[in-house]
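Both of the next two complexes hold chain A, though its partner changes from chain B to chain C.
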Partner chain A sequence: MFWKKGKSIANDSSDTQKPVPRKISLDSLKQVLNNMDDVEIIERTTLNDQKVVLIYLRTLIDQDRLNESIIEPVIQCPHAMIYESIATPKVMKIQLLEEAQKSLLTGAVLLNDCIQEQWLVIPLPNELGRGIETSETETILYGAKDSFTEQLEPNITLIRRRLPITELKTEKYKIGSLSETTVVLMYIDGLTNPEYISIARKKISEINFDLFFDSSQVAAFMEEHHHSIFPQFQQTDRPDVCAYSLGLGKLTILVENTPFVLIAPITFFHLFQSPEDYINRWPVASFLRVIRYLSFFLSVALIPFYVALTTHHYQMIPLQILFVLAESRSKLPFTPFWEAILMLTILEIIKEASLRMPTKSSQTLGVIGGIVIGQAAVQAGFAGKVLIVLVCISTISSFLVPNYLMTKANTLIQFGFLLLSSIFGVFGIAMGAVAILAHLNGLTSLKQPYFSPVAPFYWKDWIDLFIRGPLTKMKSRPDHLHPLQKWRYKRRM
Partner chain B sequence: MTTFSLFDKSSKFDGIYAFFIVNRFQMLYLFFLMPTYLLHPFMIWGIVAMAVFSQLNIWLLCKWLESNYAKKGYQGFVELFGVRMVRLLTFIGLILILIKITVITLGYLEVIHDFIFPSMNSIWIILFILLTSSYVASLGMKNTIRFVVIVFLCVFWIIFLYYPFFIPPIAALHDLYPLIPTNWTTDSWKGLLLIWSSYSGPEYLICLIPWIKPQQKMRKYLTYANALSTSEYLLLFIASLFFFGSNYLSKSKYPIIHMIRYLQSPMFERLDIILISLHMFLLVFAISIFLLCIYGATRIILKKTSTQPSRMGFAVTCIMLFLCFVIVNNWIWSIEAEQNILLNIQIWLSGITYFIVPTFLLLLTKLKRRVKA
Partner chain C sequence: MLFVWGIFVSLVMIPGCAPFVENNTIEDIAPVTFWSISKGEKRKIKMSTLVPPLVNEPKSLLTLEVDLLKQGGKDFNLRYYRELKVGQLRYFLIHEELAKQGIIQLINTLLTDYDISQRMYLVIVKGNFDEYINRQAKKQEYLDYYLYRMLRHYERKRQGEMTIVNLHEYKNMLFSPFSDPVLPVFKVAKDNFTYEGTAFFSNDKLIETVTSTEDQIFQLLDNDHYLKFFPIPKLDVVIGRLRSRVNVDLDKNLSLVTINVKLNGRIEEYQGNKNILNGNELMQLQKEIETELEMKTTDLIKKMRDLKVDPLQIGTHTLSPFSKPISEKVWLAAWGKMKIKVNYQLYFEALQNTKNNY
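So, the complex of A and B:
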């Protein structure tokens, strides 16, 4: 049979057979590196006629430093102890072929000291990558402008600069049998609840898959509810958000080759918090946060409400609005449900297209979206004017949610509500709301309730929930995160 | 496939959850009908008197909840009654829950039918309500209990929408007279029974004790819940007296919902459709809790407490409940006379259980302790 039930990658015995460890030799290395065009094997002779062999992958090492740090000092080495002349601090002796392979692939140079008969590994990775730029996904007007990059070390530096304490711990893991991706678990020792750390450790070490190119894939393996549309890990490319979360008692997971860092445990409400919330004055920040929640509600329920009212509950609409609605819908050939489905599907196509299109074509998209689909759809009798207005409000509202993954979840909920509202009207929307809220109530992030501090009920944490209270009043860390240190200030004895 | 842990007891809830549960269980369905049966303004004292009695009952219940038997959960009951007796009592409890759940569901269904979808086949509504409830219940008792906070937040504020009925020009204080009864009829007794029955709900905490932290100032929280329900009953009754007047109250089957039909907003001419729909939260919560209780009770009756809950067993319970709703709806609830009988049975039964269960449990515990000593 092509597909066998219950057979996982890990269970395949042929994959799990470990190779017998072999000692390094030049021949075995050459055999392993066969057909690799970027392999360089060079021989040099030192001042006292000692022969050394250098092996490395040209594409992975810093070639300028190779000359300065290894070749020049080695050639001019007057004594037998070659490794003492190498001008880099991390020189290691190895014996196994497997270690040699791994080192080569991480950007190291192998040096064979023929007289001493030893193999040395000298890490010299090519620090290729872009510089630190402004975040594009979580833009803010005021506040720090730096964002993470694809390299791990600078990302850790960005966080360490914000939290210069020795309690900030980093634990490294390797995942992905092919991609050999490095994952770093970060937390503040003595603050983050050890339960979260042990859960995260266990989950990371249990990951069994071949390729990891993005933190979302890591999150997918660590999530407890794989079929949910809601993200159970917050993804951010902002170091300040990461540092703030660590300071609250959460942990972060940095993944190599992606600028997006995972934060956990999170709640549904964390996805509505923006870094700017803690920059604005508290009444302003609170107002904006309330607007965000309202927008979320509008984005998922406005169009379904329109369908419910126009299909089932005309009696709910005030007379003046009813006139407008009747006039708007008088020449339409579709039912409100199909009218809404049509417009929302087109809108989703436009949204997706706008993400994939080259920047120069975006003007065309604006014209098509704004004039053709808006104006012409009404004139052609495909959609009512009222619906077009509501679709616009609903779409703009969906962009107010700071988390992009959440915005995508909105769309699916909206379609679900649309279906229910066309069958059961407002009652259907209520039914959908019950189901969604029950689902959120059952979700967990690192085994912590996703809908806290509402359910479970932590009323003290409400100061930073629907509103953002004054910072001076937020003296304790959120209870629902169960931090080991409750207070955020030094208490007088 | 993940384990199906419906009755996972890993976390225990504070008294605040008991507050939410009791308050919402007291606002389940009967309060919709209450003004129709109370009629006279002096029944305000009836509400207050029943609240006092209810408080007494809550005190007894809390006393029992503090006992060692309560802390042991199912094992405590076995120690108290013996396995056979527990199974028999569970069977009786199962029937009582079935009657209660059927009446509240079909009652709510009738409200939907009358006010929102007069022509829709009610089986579809039953099916979807039960599907939603089954989903909530399938998340386990722990999550279902936690869901009460969301239910409370989504529903509680509706009471504040009744404020316009206290300030219209037609409302006068003499609508609340006479506050002292001039005549006392059988209907007045029935009214008192309805109030008492509406207050029932705390007794179901007995089914939830394995999930509630012992000695968590339970008495305080339950007192608050009882007080809140009393103020809600009073507010709604007084509002309906102002709006309908004592003479016309009996003419309306659902005065509380009818009143809301007169509420307007600049956006919606009728808010009742939205508010009735929102009541779904409470109904779904109650059905989910009772559904889990029914499944748990069935497991006790069938001596399956030592085995893991199964998806199949839970699904069969849901299907049986659906069939029960459909059968009762088609054969009993659709005929008014029979509907009244069923409603009266439920009122009587919940009144009796609320009166007997806490007292009986406490007396038996004391007796057992004395025998042991």
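So, the complex of A and C:
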């Protein structure tokens, strides 16, 4: 049956038939490149009347360099060894048609030397892409401003500049049967625990899918818990964050055509850490980190608490606030639960719309949204003033968590808590919190506990957990990462 | 899966958090801030409360004559369109006459109701409170709330100017063998509702009320040990910012209690004949104040002793770590015959111009 477990695309017999390797020839190439408008097949004659055929895809190669590095030197070549005249560092001989196809699609020029009867591949990829810009998702005031781009090579360069050591290893993989996406696994040899590296290697090589356009798709195939709302890989477009993580003993996975790099293994608490934490003075950074945890709690539980208190536990509300609450709710036709659901849903719609809309229109949206939610909803009697205030606090709080994926997870948890609180009151929120904690405790990232260093407990790592301790005191790498080199300074013998 | 659901359902049912809850949404309820209880006709109790406490509607006083407290709570609901909930009950006013007959039943009812907060204040009222609040509610919209704020403001560890006792504290004093409960007494006189003093209870019955100077001494000896102003009209002086340190010493055969009180304060006002800028005359005044306080305090403690009540919890000084505590009966018998000795040591903060006048 089609839903039977274990059935995969690879098992389909029609897909598994491998083509018989064919020798490369001009005719077979023309057949393969049939109906491709951007294919160029040009013939040239050298000084000693040798005929040379050049084949390439116009859209993928650097045409200026083609003239300078290949065509000009080849035409001027006085001797028989044509490839010696080509002015590029990498020239390879190939024999199979399959290799030729792949090379053409990665931006190479095929050169047929008719006298020597050989085919040469000269990589000449077009370096098309945007420049290095400031990160938009993880903006910081102080600190490095550069961020990753969609190109793999510059991304590796950005990390290598920060870690100029030969121990920084890069392993290249190709994934995606259609997209042929390059994935690079980076780690520091002799520092990162080899277990993580072998797990990551295995997971990447086991990926079996056709298209990969983003690192989150790669993460989805590497995660151990597909149905969890919590991200098990940290995604960042900041090279400094990557370099810092590598230095702690984690590994990074760079994916072609995406500026977001995956970092693993991570814990729940890593999602609350910002690069600015290590720039600010430690008491300030600690305060900001505590505020972040607090705001996470507020964004998740504030509205459910409102619903629980106004529906079940009015005794818990101080008398002064009860005055305000009763006044604000006195004319509403909805129960607190429906009132909260209504406002939160509208808010989510506005949030999602403002992300998708062009910048100029989103300003209008902000104004309209503000008026609709802040003023009109209260006047029309759809929502109480107190709820509006709480919705604002909880929404703003949700943006304090530095990880965007985590922000989205907040919303789902909030809705879950809301449902529980409307049925069971504060007890429901407690039950929900226990369930979330149990779930977090069971999660793993690259098979490492997601809730460490709290569970399992590593007390030394708490110096950089809820607070960010002084850097001078952080002399060892986090124990929960099990790095091969524990100390972060050179020890005297 | 069934097992997990079983655990889940039991978890929900055990603490009483079943989904079948009472409809408590706050717009449907009228939280009750106070109950006023006095004697009704034919052994009934008269209950009053003010509604609505929250929304902008004219306030009205609901009064009932009932046999039982809870019956009153139920009947109030039938007279008002919102459901009256006692979850925000902040103070409980008991009429003096009723308190003299004993209030244990009322207290037990309050203690066993899990909706009622233990931090609810108990107050004894002299005069017709219902009339007062009925009249005053028209002038002061949130009068019921302001009364609660006043009690909260003067609570021990906040201000300590007057005796303020909550249900929990009253219960503890009532059931402790070496103490007797006290409650504040407020008096209604026309449009005034003023603090009168402290009522002493023997078991659950009001037996004596101390007022003015005696009450102030009681505040210094027991309640927060602080007074902002202590007027002594007889000596034309007001001592201010008084802080006391009380040391109680019981002799071994329980025949003498010595109370040493060290007082720190300053003269806030003086209208007498002495020149208090003169060191010698100031010392003379100080001696007079000490003597006056010793006399008044001795009288107050004698009063307690003769009534066989121990609101200062002197009995607790009989306890020691490795000996068996004496019984309540033995203590009260000894307390009733005990000799009393009171010593005051008064320290004034230096006045500016007295230094060179000795």
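We adopt the following convention: the second predicted complex is superposed on the first by the 487 of 493 C-alpha atoms of A that agree within 3 Å, B and C clash if a C-alpha of one lies under 4 Å from a C-alpha of the other, contacts with A are read in each partner's own complex, and residues count from 1 in each chain.
Convention: a contact is a pair of C-beta atoms (placed from the backbone, for glycine too) under 8 Å apart; a residue touches a chain by one contact, two chains touch by 3 or more.
Just so it is clear, the structure is predicted and the values come from calculations on it, not from any experiment.
In the superposition on chain A, A:442 makes contact with chain B only, while chain C stays out of contact range. In the superposition on chain A, A:325 makes contact with chain C only, not with chain B. In the superposition on chain A, contact of A:278 is made with neither chain B nor chain C. Applying the stated contact rule after C-alpha superposition, one finds that A:311 touches chain C and leaves chain B untouched.
Legend: residue contacts after superposition of the two complexes on their common chain; A:455 is shown touching chain B, with no touch to chain C.
Look at A:431: by the touch rule set out above, it reaches both chain B and chain C. Judged by the touch definition given at the top, the superposed model places A:334 against neither chain B nor chain C. On chain A, the surface touched by chain B in one complex and the surface touched by chain C in the other have residues 312-313, 315, 317, 319, 424-425, 427, 431 in common.
Those residues of chain C that touch chain A in the complex are listed here as 11-12, 15, 17, 19, 21, 24-27, 29, 31, 33, 53-56, 85, 87-88, 90, 115, 117, 145, 148.
Note for the complex: chain B touches chain A at residues 13-14, 16-17, 112, 116-117, 125, 128-129, 132, 135-136, 139-140, 143, 146-150, 153-154, 266-270, 273-274, 276-278, 280-281, 284.
Of all the residues in chain A, the ones that touch chain B in their complex are 312-313, 315-319, 424-427, 429-431, 433-435, 437-439, 441-442, 449, 451, 454-457.
Residue ranges on chain A touching chain C, taken from their complex, read 310-315, 317, 319, 322-323, 325-327, 329-330, 332, 335-336, 423-425, 427-428, 431.
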